[in-house]
Structure formats: C-alpha cells, structure tokens
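Just so it is clear, A, B, C and D label the chains in written order, and each chain counts residues from 1 on its own.
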Amino acid sequence: MQQDRPAHKDHADTDRLAMGRDFQRIRRFSEQLCEPLVIEDYGLQTVPEASPPKWHLAHVTWFYETFLLRPFLPDYPVFHPRFEYLFNSYYEQTGTGFWPRSERGLLSRPTVSEVYDYRHHVDDAMERLIATCPSDVWPKVQMRLGIGLNHEQQHQELLVTDIKRHFAHNPLRPAYRADLPVAPIASPAPLTWTQFDAELIELGAGPEGFAYDNERPCHRVFLEPFSIADRPVTNGEYLDFIADGGYRNSAFWLSDGWATIRREGWSCPLYWEGQADATPDDWRIMTLGGMRPLNPAEPVCHLSYYEADAFATWAGKRLPTEAEWERAASDRPIAGNFVDDAWLHPRPAEKTDGLRQLFGDVWEWTGSAYLPYPGYRAPAGALGEYNGKFMCNQMVLRGGSCATSRDHARLSYRNFFYPHERWQFKGFRLAETVQ
Amino acid sequence: MQQDRPAHKDHADTDRLAMGRDFQRIRRFSEQLCEPLVIEDYGLQTVPEASPPKWHLAHVTWFYETFLLRPFLPDYPVFHPRFEYLFNSYYEQTGTGFWPRSERGLLSRPTVSEVYDYRHHVDDAMERLIATCPSDVWPKVQMRLGIGLNHEQQHQELLVTDIKRHFAHNPLRPAYRADLPVAPIASPAPLTWTQFDAELIELGAGPEGFAYDNERPCHRVFLEPFSIADRPVTNGEYLDFIADGGYRNSAFWLSDGWATIRREGWSCPLYWEGQADATPDDWRIMTLGGMRPLNPAEPVCHLSYYEADAFATWAGKRLPTEAEWERAASDRPIAGNFVDDAWLHPRPAEKTDGLRQLFGDVWEWTGSAYLPYPGYRAPAGALGEYNGKFMCNQMVLRGGSCATSRDHARLSYRNFFYPHERWQFKGFRLAETVQ
Amino acid sequence: MQQDRPAHKDHADTDRLAMGRDFQRIRRFSEQLCEPLVIEDYGLQTVPEASPPKWHLAHVTWFYETFLLRPFLPDYPVFHPRFEYLFNSYYEQTGTGFWPRSERGLLSRPTVSEVYDYRHHVDDAMERLIATCPSDVWPKVQMRLGIGLNHEQQHQELLVTDIKRHFAHNPLRPAYRADLPVAPIASPAPLTWTQFDAELIELGAGPEGFAYDNERPCHRVFLEPFSIADRPVTNGEYLDFIADGGYRNSAFWLSDGWATIRREGWSCPLYWEGQADATPDDWRIMTLGGMRPLNPAEPVCHLSYYEADAFATWAGKRLPTEAEWERAASDRPIAGNFVDDAWLHPRPAEKTDGLRQLFGDVWEWTGSAYLPYPGYRAPAGALGEYNGKFMCNQMVLRGGSCATSRDHARLSYRNFFYPHERWQFKGFRLAETVQ
Amino acid sequence: MQQDRPAHKDHADTDRLAMGRDFQRIRRFSEQLCEPLVIEDYGLQTVPEASPPKWHLAHVTWFYETFLLRPFLPDYPVFHPRFEYLFNSYYEQTGTGFWPRSERGLLSRPTVSEVYDYRHHVDDAMERLIATCPSDVWPKVQMRLGIGLNHEQQHQELLVTDIKRHFAHNPLRPAYRADLPVAPIASPAPLTWTQFDAELIELGAGPEGFAYDNERPCHRVFLEPFSIADRPVTNGEYLDFIADGGYRNSAFWLSDGWATIRREGWSCPLYWEGQADATPDDWRIMTLGGMRPLNPAEPVCHLSYYEADAFATWAGKRLPTEAEWERAASDRPIAGNFVDDAWLHPRPAEKTDGLRQLFGDVWEWTGSAYLPYPGYRAPAGALGEYNGKFMCNQMVLRGGSCATSRDHARLSYRNFFYPHERWQFKGFRLAETVQ
C-alpha cells in the first residue's frame, strides 16, 4: 500500500510537468501565429463574428486569470481591473458583464504591447500555479487547465480564420504569409462510397480522457443502413452545381437558405471571386497566402450549411448525421492536414481508395442539429456556459480543419455554427440512406 | 375475378362520396369560424407571421384551384387571373411568384364578398371534379385532395390563432366570441411521472393512411430509459418560475433565448398582462373570449421554445424528444380538447392518474429539431415544398391544441415552429433521462 | 353708443351662423369623400405616413372633442374613454399618449359604423356648443373652431392622397372613382418667364383673418432680382430629364438625394410605371381614376424635393424661395384646379401667357427650409404643437393642389414636408436669380 | 508697360513663396497633431461619421494628388494605383468610386508608415509643382492649392474631434494629451445682450480673398431688429435646463428632436457623464486631456441643434440666424481660443462686457438651414461637389472652435452639420427678435 503513494505522487508530478509543457507550447503557438502581423492588423474586426487578433490573445489569457488564477493562486495580483470586463467573451455568470462583441475592434488601448505584457504576467503566474498548487487542489486545476488549453486551441483556429476574414475584406487583398505551399492544380479524385449496415452504436466520449461536456454522456444510437462518400465534395464538383444554376433554382434550397442567398446576394462560396458564368479557370480565391487560382481538386470550403444542403439535394444525396459520421470515422486514425502542417488551406484528397480526409482539411457540416445528448447536464457556474447554452439553432460539424491543432481533434468532437456562417474552413461530404 | 371490378368501383365511389362529404364539411367549417367577425376584421395583419382571415379563406381555395382544378378539371375557368399571385403562400415552383407575406394585410381588394364568391366558385368546381374525374385520375386527385383538406384544417387552426393575435393587439381587447365556456379557477393537479425502459422503437407513420411526407418513412430509433410528466406544465407552476426570477437569471436560458427575451422585453408568456412582481391573482390573460383572470390549473400556453427550455432547466428537467413523446403517446387514444369542442382555450388537466392531455389543449414543444427522418425525400414539384424546405432552424411540436381539429390530429404528426414564435397554442411537458 | 351692443350681438350671431354652416359643410365633405369606399378600404395603411380613411374621420372628430367640447361644453359626455388615446395624432401635451402612427391600420375596432356614430355624436354636440356657448367664451371657441375646420380640410386632402397611396399599393390598381374627367393628351404650353426687380417685401399673413401661426408675423424680406417660370414643370419636360440620364448622373443631385434614389431604387416619380428607357408613350401612371397613359402636358407630380432640385440643376435653374413665390403670387387670384372641381388630378396649363397655376393643381416645392418667421412664437399648450415643432428638416411648399379645398388655400399658406416625401400632389416651378 | 511684367513676375513669385511656406506649415501641423498617438490609434473608427486618423492623413494627401499633381505636374508618378479608390471621400465625379465611409476603420493596410511615405511622396511633388509650374498654369494651381490647404485645415479639426470621439468610446477613457492646460472651476460671467436695429446688410464674402464657393455671392438681406447674447450659453446654465426637466418635457423640443433624444436615450450633452439627478459637482466630462470635473463657466459644448433649440425654447429665446450672427460679428476681430492655442477645449468667457467669444471656443449653431445664397452656382466638375451638394437637411454653424486653425476662421465662413450631430465642438448663443 505504501508504495502507492510515492507512485501516485510521481504520477501527479508527471501530469504537472506534462501539462506545464503543454501550457508553454500552446501559449507559444498563439504568439507564433501572430508573428506575420503588423501592429495595425491586431485591432481589426471587419465583421461582428470575427474578433481582432489582439482580443483573442487577451481573451484566452483572461480565461486562465478568471477560472484559475483568481480562485486558486493566493495573492495573485490582477493585471488590470478592467480587463475582466474588456476580455470576457460571453460568460454572464461571472457577474462582470462584458464589452459588446461587435465592438471589439473599437479599442486601440490596451496596446498590442500591453496585451503581450498581460500574457506574460499570466504565464508567469500560471507556471507558479502549476508548480505549487496543493495536491488536493490540483485535480480541479488540472480539469480547468485542460479546458483552458483546449479553449486556447479553439481561439488559435479562430485567430487563423478571423485573420483570413479581415484580410479578405481589404481591397488590396494582402497575404498573411507569402511563403505558404500551394498544391498543383489538378482534377478531383473519383467519388467512391463506403456502406454501413444497420447497427446500434455508442455515440460520444467515454468517461476517460479529456472531452468537452457536450461530447458526453456516451449513449446508444440506432443507425439505419447508410452509405458515406469517401472524401469531401471538391471545388470542381461544386463548380458543376453553380454551372447548373444551383444558386438560381429555389427547388434545391431550404426556405431559410433561399432567403439567405437572396438577401446576401450569394452566388458562390465565401472568398471565391468570379462571375456566375465564369469558366472554371476564371475563378480565383482568397487564401491566407493571397489570391490564387481555384483548384478543382481541393475540398470546397467556406460555405454555409444551406449551400452544403442545396448541393446535396441537387446531387440527390444528403448530409450524414453526426452519428453516421462518427461511426464512419470510428476506426480511422486522427490524421490529416492540420494547422501544425502549416498549409493553412485544404489540400486535394489523395488518389487512393477508401474513407479519407475525415480529420483535418475542412470541418464537415452534418445534418444534425446541435442538441444535448440524452443525459447531458451542463456543469454548474460560469464554465457551464461554455457549450450548453448554445444548444439551439446551430448545426454540428465534425472532424477539424487545416486551421485546427492536431492534438485538439477528437473522434467525438462536436463543433457547431449557425447555418449561415461561412468564415470557418467548412466543407461537407455526402451520404445517403440505403433502402 | 369479375366481382372485383364492381366492388372496386363501389369502393372508389364510396371514397368519392366520403371525400366529397369531408370536403363540404371542412370547407363549411372555415366559414363557420369566420361568422363572429365583422368585415373590418377580415383584413387585419398585426404581425408579419399572422395572416388576415380573408387571406386564409382565399389561400386554401387557391390550393385546390392550383393543384387540383387547373391540372385535372377540363375547361375549368380560373376565377381571377391575379389570384394565383395574390394567394400563393410560398410555393416558389409554381412560377407565378407571390405577394409578400408581410403585406397580406395591405389589400382591401378583393373584398370579403369577392373572396366568398371565389370560395363558392371553387367549391362548385371541386364537387364537379370529385364527381366526374376519370377513375384513372382519381387516385392522384384523391391524394392531393387529402393534402388539400389537411391543409385547410391547418389554416383553420391558423385562423383561430391569428384572430387571437390580431385582437390582442387592439387596446380595446375585443372578444372574438363572448359566449365561450370558462373553466373555474382551481389549483393544478399534482405532477406525476411515467417511466419507460430502454427500447428500440419505430418512429413515424407507416405506409397506410394519410400522413404528411415529413412523418415518413417509419424507421427505428433507440431510446435510452426516460420518464415523462403525466400532464403539461401549468400556469401555476410557471408563476413559480417567474416569481423565482426566471426571466432575470441568465443561468436558465439558452444564449439565443436570453438574447431574445432581452431584445423583446419579455417577462411572461404572450397574452399575459401583469407585472413581474404581481401576485398570481393580479395576472390577467387575453383569450378568444376577451380578458380573463389567470387560471393556475390550466396548461401554460403561448410561450416560446426558449421559455419552455428555461423552465425545464430551472426545474432540473428537460423537454422530451419527439421520439420519446411518440413512444409515450403511442398507446393513448387521440382524445382531448380540440377546436371541435369550442372551448378555444386549454383546459385544466383532469385530477386523475396517468398520462393525459397528450392530444389537444396545447401543442407541446419537444427538444427535437425539425429534421428529415432517415430516408425522407421530398416529393417532386411545388407540393414538395409543403414540408421539406422548412427542415432547418425550427423545433418539433407534438399533439395538437384546442385550435386543432380532432380528425386532423395524429400520433405521428410533426408540427414545427421557430423557437421564438409564441402565437400558437403552445405549451410543454417535462421529461428526464433515467440514469 | 347703445345701439352698438345689439349690432355687435348681431354680428356675433352672424359669425355663429356662418361658422355653423361652415362646420356642417366641411364635416359633410369628409364623409362625401369616403362615399366611393367599401368598408375594407377604411382600415388600410400601406405605408406609415399615410393613414387609414377611418383614422382620418375619427381623428378630426377627436380634435373638436379635445379642444372644444371637453373644455367648453358643460356636461359633454365623452363618446368613448379610449378614443382620446386611439385618435390623438401627435399632441404630446394632452398627456394621454397616442397609439403609434405606424400602427393605425392594425385596428379593426372601432368599426367604420362606430366611427360614423362618433362623428355624429360630436357633430350634435358641436352644433349645441356653437349655438349656446356664452358670448365671453365664443371668441376662444371661434378661434379654435377656425383651426379645427382648417385642420379637417387638411385631413380631407390627406384622405385623398392617402387613398391614392393605398390603392396604388394593390397590384389590382383599383380606381377610387371610375367617373373622373380626363384631360386629352397634349404637348405642354411653352415655358415663359416673369421677372421681378429687387424689392423689400412684406412676407406672411397680416393680423386680420384666419391664418396658421406659422404664417405670422408679417415681416420684411429683401429680394434680389429674380425670374420665375409662368407655369410648373410638365411631365413632358421631366421625361427629357429622365431620357438625358437624370437619375443616373450624380452631378445633378444633392448628396442626400443621390443616396435616397439609390437606396430606394427610384428612377421616376411616384405612380409612374414604365422603364427607364421607355418611350414617352409607354409610360403609364396611377391616378385616382385608375391607370392612365402619361400626359406630357400635365404638371409633373408626386416627386420629392430631391427630384425637383435635381431637375432644376439639370436645367441650369433653381427653385424659387418661398418669399419669391409669395411675391410672384401676391397679385394673382386664388383660382385653379382644387378638390372642389373634382378632377382629383393636375390639369395641363392653359395655353395663355403669364403667371398661372400658382394655386391648385400641384403644391410647389420651394427652395426654402421650413423655419419660423422672425418673431414667431408657438402658442402655449397642446395647440402650440400644431405647426411649431415641425420647424426642422422640412421644406416649404406653396399654392395648394387638386386635392386642396379652394377656401383652404391662402397666399401666405406654408405647407411643409420632408424632402424625400412624394405621396402628396407635389410639383415645382423653376426660378433664377437675375445677375 | 514693359516694367509691369517683371513686377508682375515678382508678385507671382512672392505668392509662390508664401504659398509654399503655407503648404509646408499646414502639412507639418497635420503630423504634429498625430504625435501623441500610438500606431493602434491611427486605424480607429468608432462611429461611421468619425474617420480614423490614418484616413485623414491620406485623404488630404489624395486631394493634392487628384486635383493638382495628376492634372498639372508632368510625369508625376502616382504613389499607389488603389489609393484613389481608398482615399477619395465622396467625390462621385472623379469616376473612381470610393471605399465606403463607414468602413474606413476596417483597413489595416496600408500601414501607418506607408501613409507617411505617401504624404512625403506627395509633399515632394507639390513643392516641385509650386516651384516649377508655368505662370499661365499658376493661377489655377494657386486657386486649387488654396482650397487644398483650407481642406487640410478642415481635416485637422476633424482629426482632433474624431480622436476625441474614438478615445471617449474606450471604457479606459485614455487621454490624447495629458499635458493640456485646464481652466479653474468658476461660475459663469453674467449674461448680457447687444441690440441691433433693423437694417439692410450685405451677407457673404466679397469677390476678393479666399472663401469657399458657399460664402458667395455677397448679397443683400434685410434684418428686423434683434438682440444677441454677448457670450455663448455655459455649462452652468445648461445644468439649470437639465435640472428643470429639460430632457423630459416634450414642450421644449422640436418633433424630430424629441424623437431623437428618446431613440438615443440622451439626457445630457455628449461626453458628459453623470445622472439626470446629479448635483453639478457630480458631473464629469471627457476631454482630450482625459476625464475632468464639469466647469460651469465654460461654454456648453458637443450638443445637437435639437438640444440648442430646446434650451432656447425653455429660456424663451431663440437661436440667431446666420445673417444676424454675421452682422453681430462683423466689426469684431477674429480672435479667440483656436487650435493654435493648444487648449483643445473651450474656455470660460472673460468677465468683461460686450460681444465676445464669437470666434473660437465653440462653433455656434444658428437657426438657419444650410442653403445656397441667391445667385450661388456650384463650380463645374468634382470640385463643385465640395460644398454645394450638401445644401439640404443641415444647419449652419458659425465662428470656429478651439479645434479650428486661427487662419482658417473667417467672418463669412459657413460650417454645416446635420441637426443630430454632436461630436464637433458645438455650442450656441441666444438671440431674440425685438418687437
């Protein structure tokens, strides 16, 4: 019995060391992502839903300060009394209120330099907390730190997608990085299908390991037989939809989708530039490397749920449910084109057989609404607002994108966005019911 | 073999006779519902989502003209060439366009009298079609007529709910009918629960009998064990939620719900009049019989999905899924307080044991998003727009209300509305996962 | 000296008799204007600025009840306690508040019949007041009655223009009266000019006779020499402006005007139907007699200040100031095409020489902002809100229109509207500075 | 005769030298105004009407490039081909279009450093143009350069007022300059009046010297006798208006003003912070030096026309017309608290007798709409858009402010803003008609 305790202690220390290393690595990566920016870029907010880089850098820092340092680090000196108001995102239960989301770009102060000071102040304190917090407190710290690190990784993805959004708004179309690799123009790999039989599956994350609350509890779901496409829909296939009058024929569209494309004047995915009657060679797209010719072999990206659904209707197929997607992906490795690979753009599918590109490249819209799993209960307090309060009016996306960190992706991961939102790296794959 | 043909013929004739009688009965009922109106009432549209009575009377008539008389009755003389534009609701594929929904109240012409003429013109032609259409055409006519009659019954419910909406907007608070019965003020029956084990059920309508396309195909769904409340939540229980600061505490609310109640300034269900700090006796509600004191024993009614969900969160419960609701209701008779009973208001639950009020009284919000069943395919053509194109952003309601026709209610019936909409007779019942 | 008093008494009685006759005549005329309407028409409000006929009938009645019967007729029984809330237009100082202007069309009750009952109730009481009020009260009653009758005449003009607005919104384009006379299609009379020398004039109404407060005090204004066109600009001349790209060339437009025509998509005056590249013969216009071919000889009508100003800029001229207009009109008879003539549409100018059509046909936009005359002071109390509080952001129009009563027109009359408003019978005449 | 030419040449050279010095001085001053900024401040646009400092620096530079260098300097190399699109403000007739005004803050590129490069590129070219342009071209260059320098001075004032607007939006309330002088708290000087007799005056700029087109032609205006206050209304006097319920009583307000303060929730001038029921000592105001206590002796500032008019109504007075203001100011020196004095805030009136503070401190709202003077004609081409197209819906302000350059102020200067706009240094002085 006695030996257990040192062993346990060792294990806890290893956890601390590992988490401390993760903390340093993830914190550093946020700043690395900002290295290509000039100071003027840090404050930009061109649309309400995409925040300024400076805000992301400060907000993820506020998270540690609020949920870890204030409650758990004795004598922690708060960096600035107003930052809890300026850099809270939406947590109502912290009681401090928050600066309006749509006005995050209207603050020149604190300066970029002051925000970096804030980060380093919190970094130092966090390392102290990880090293010194009593072992009875550590499990709670560990749990919250896990959320905090995943949270920062989510904001790293937003950093990338928001910078793309802001730069695309500028008529000069500046490049975020001029040195990104580019895939050769090619035609898409042929579309093949994998079939699954009727089956009672388990959906969601089991009790071990890190997962967000919304991935739990694991529960049983019955699937009728279905087929799923082996790779996402490509730009080339999507061009066929456009050429066939896809954006002009209401028969393909959900009612809210049709209203949206008419109100917004959409006739192609976000970041495409061309005319409805352009030939494929005429289309150009804005990327993080600047303007490029459209590559038909790449997964189509930056489209709304409405566009994904309309394409599927046009093609006589449908989107997979999240349960079908998770079943199909359940025996695949979590491999693919992630932010770690630094392409920052989806890549063409390899010309091999079988299910691929489930992870990385593009988030895949599913046909499932974002709702609680049976038995879900949001945690108490402000952290309970992290996921639960958004379980209405949004659709689930699965798999991760070229802007996601590889170690952030999970089989059970549920991303969610409103059906009209397009600025993330979002694509889709087709499915159909086997009857 | 020979006997078959006359028998078949007889059977078809009986169908025709029966449907002819249904047609007359249902057509007559629309006009009966309008008898308490004065001419000025027929044109009212106080909110974009609630149409004028005159428009409902004409639109249901347009449906027969468009989908039955024009295609199937030779030499049918169209009543007025512009009515297909004025009284189409949302069918894009008819190719005629339609007068904007939000402007239906801006047309004084055609007059009420002309709309009744239109109805009678179409009635005469429909009776001719039912009596005379060739037997090879009859199955298609029969199928579309089934939709047309269900469609008119849906608009009868809307007639009732829209009239209530329009009259409640008038500061004089006029009564639609001063002679309606009123339940005595009482306290609610105690809340009891029925439990269901884990089970693989069949959800949706089978191949026989009339059902909308969205109720099919019948398919298998696995249910984890759950409990469901034996009756809907009452006004009295909802008053406790209000008194406990329900509308002031963000912790109970979905994010979109919290934004909605703050933007709209809601602090109680629609049609309640009182103050946040009123005692129960001070609350009054607008009904189709005019203003009345609030009855704590009645099912709470006219609330949004957000309010139903917030109450459930406050109560530590949740809403049932539509599969759970259908399982619970599957062995119950379709009995309850329908429009046929002419209360036009939900009634208190009887003080008996066991599951009750599943049908009639109030539509019940479920926790299920309105999405296609696996294998669903919308029919081709404009009639395919009836249900399928709304499968996004809306939530399912089940069971029917005091404004629904008894013979319109079905176990598999899927009603759907946006989560913020309140003007239907909508309530909810609680459920919970058994763990 | 003694004889004076009976004489004075006689004079007062004559006043009472005359005003009583005016009261009856003017009240009757409001109802005559509504005779062509069906009940459904009375409640229409197709745009926020144009009220339903029923509202006009009730509001002018409320004016007498509020400002005459309640204060001056002992024991006057108010017709309905909520009507002061429902039918007040904008008088904040009555303390009762008012039903929102944009929602006047959302009230089916009181019914048309009840509104007529209200009118007759107030008519009876007014006749009693006129006949019986003590002679020391009479001057105040007489003054307010003068305002009340002019007020009702203004609303008679609005009745006509609002009915036109509402009927033009209906795609059936119903005629208000099918029996109106129509001028033959013709070409415009040639445009000639009258010149005035520099002069110090007196502007505004003198102390005698009825005038609104905003026409006083009479004061001195110095005019530099100017020329003014002998008749308003015609449809034919306006067609030349359109054909010359008038609506496509920003150089002609005020900044707010250019923004307005682009936001609203205007490419012709209100009620014109045709294409920008139509030949003159292709244009049709909506009138109170239904759709008609455009008559080039008629004064152009239903345009905004922005369009009048843009035409003048295009033509190298300008609009007259209100002082110039009043100087030019000061020795002309108040004669022209008024509502009394029952054309209800502007008529072509006679082919004679000299200044004409100053009164009637179309209100004429001037280049003067609606501001107080030097020494103006609004009366105390709610009646002081009649004119004074609108003295900002509006432009002055002069002369009266084919929808104005002849005995309502005055040389000093100042009408005023926002520069973007078009639904009145508004045209303009050109002027220029002589240098 | 011959001697004339050298003399003439000398004179022209002197002009060139003087204008060259003015050019250098004014260009330098724009950059001096930006010295207290950090890079993050340069891109801010917190409200659509207030532009980012970076935009101002580039736009005034674009003006010289567009109207002087491109047409008149042979072989001038345009700095960047897209800058004419990015930095045009509103000139439609240049044919290049312009980046939307409300999105000027959404451009991180060009960077601040690139904008300074642009300035210096243009400065160099302008000095070359001034030195070398042929004498037959010089008069045109001289005229446009006069406009360009006045234009830059206007934007210098906007730089100051826009920076104040942006900084006040930040909840940290940063100071633009912490070293500004502050007047001691004091009570206002007594209000005295100066009377003027009826008189025919000449209004506007004569043919000599620089003036904008809208100040011409000089013309005759007759003034009825009037009195005008010797100094502007003070904070202390305005506090009395607030304390007397000024913002709660509709009787004081123009209709559009009442609607504005209710829609916007205004209960005090812009930049005041306090409660409606605060004591004078509780009020604080945001200044370019940061937050300060309110000084009752200072001219009230940053209010709308509606508030100025409401105060005047409450006080039983009115605003002066621009003709009255110009008459009153016509024999006063152009002296006062200008931007050159570097207070950047209005100062209390000196406790002396007689008319004062007509120039500097605060722009003074007049009761005159901004309209063309008789005989006004906008110049041809894009420069004709400078003033003329704004002659609708705006009100005239006179005199200049603490953010105006001393050598930019003129007796005949007509500033103009929409009645609801408050972010300039605007106050007012009272007047009344003598009867």
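General remarks:
Just so we're on the same page, a contact is a pair of C-beta atoms (placed from the backbone, for glycine too) under 8 Å apart; a residue touches a chain by one contact, two chains touch by 3 or more.
Note that the structure is a prediction, hence the values are computed from the model and not measured.
The chains in contact with chain A and with chain B alike: there are none.
For the pair chain C and chain D, the distance between mean C-alpha positions equals 38 Å. Separating the CA-averaged centres of chain A and chain C is a span of 61 Å.
Note on chain placement: the centre of chain A and the centre of chain D lie 48 Å apart, centres being C-alpha means.
In chain C, no position touches at least two other chains. Pairs of chains that satisfy the touch definition comprise A-B, A-D, B-C, C-D.
By the touch rule above, chain B contacts chain A in their complex via residues 90, 92-93, 198, 200, 219-222, 224, 226, 250-251, 253-258, 305-306, 309, 318, 321, 367-369, 371-372, 374-375, 384-385, 389-393, 419, 433, 435.
Those residues of chain C that touch chain B in the complex are listed here as 38-46, 82, 85-86, 99, 103, 105-112, 166, 169-172, 174.
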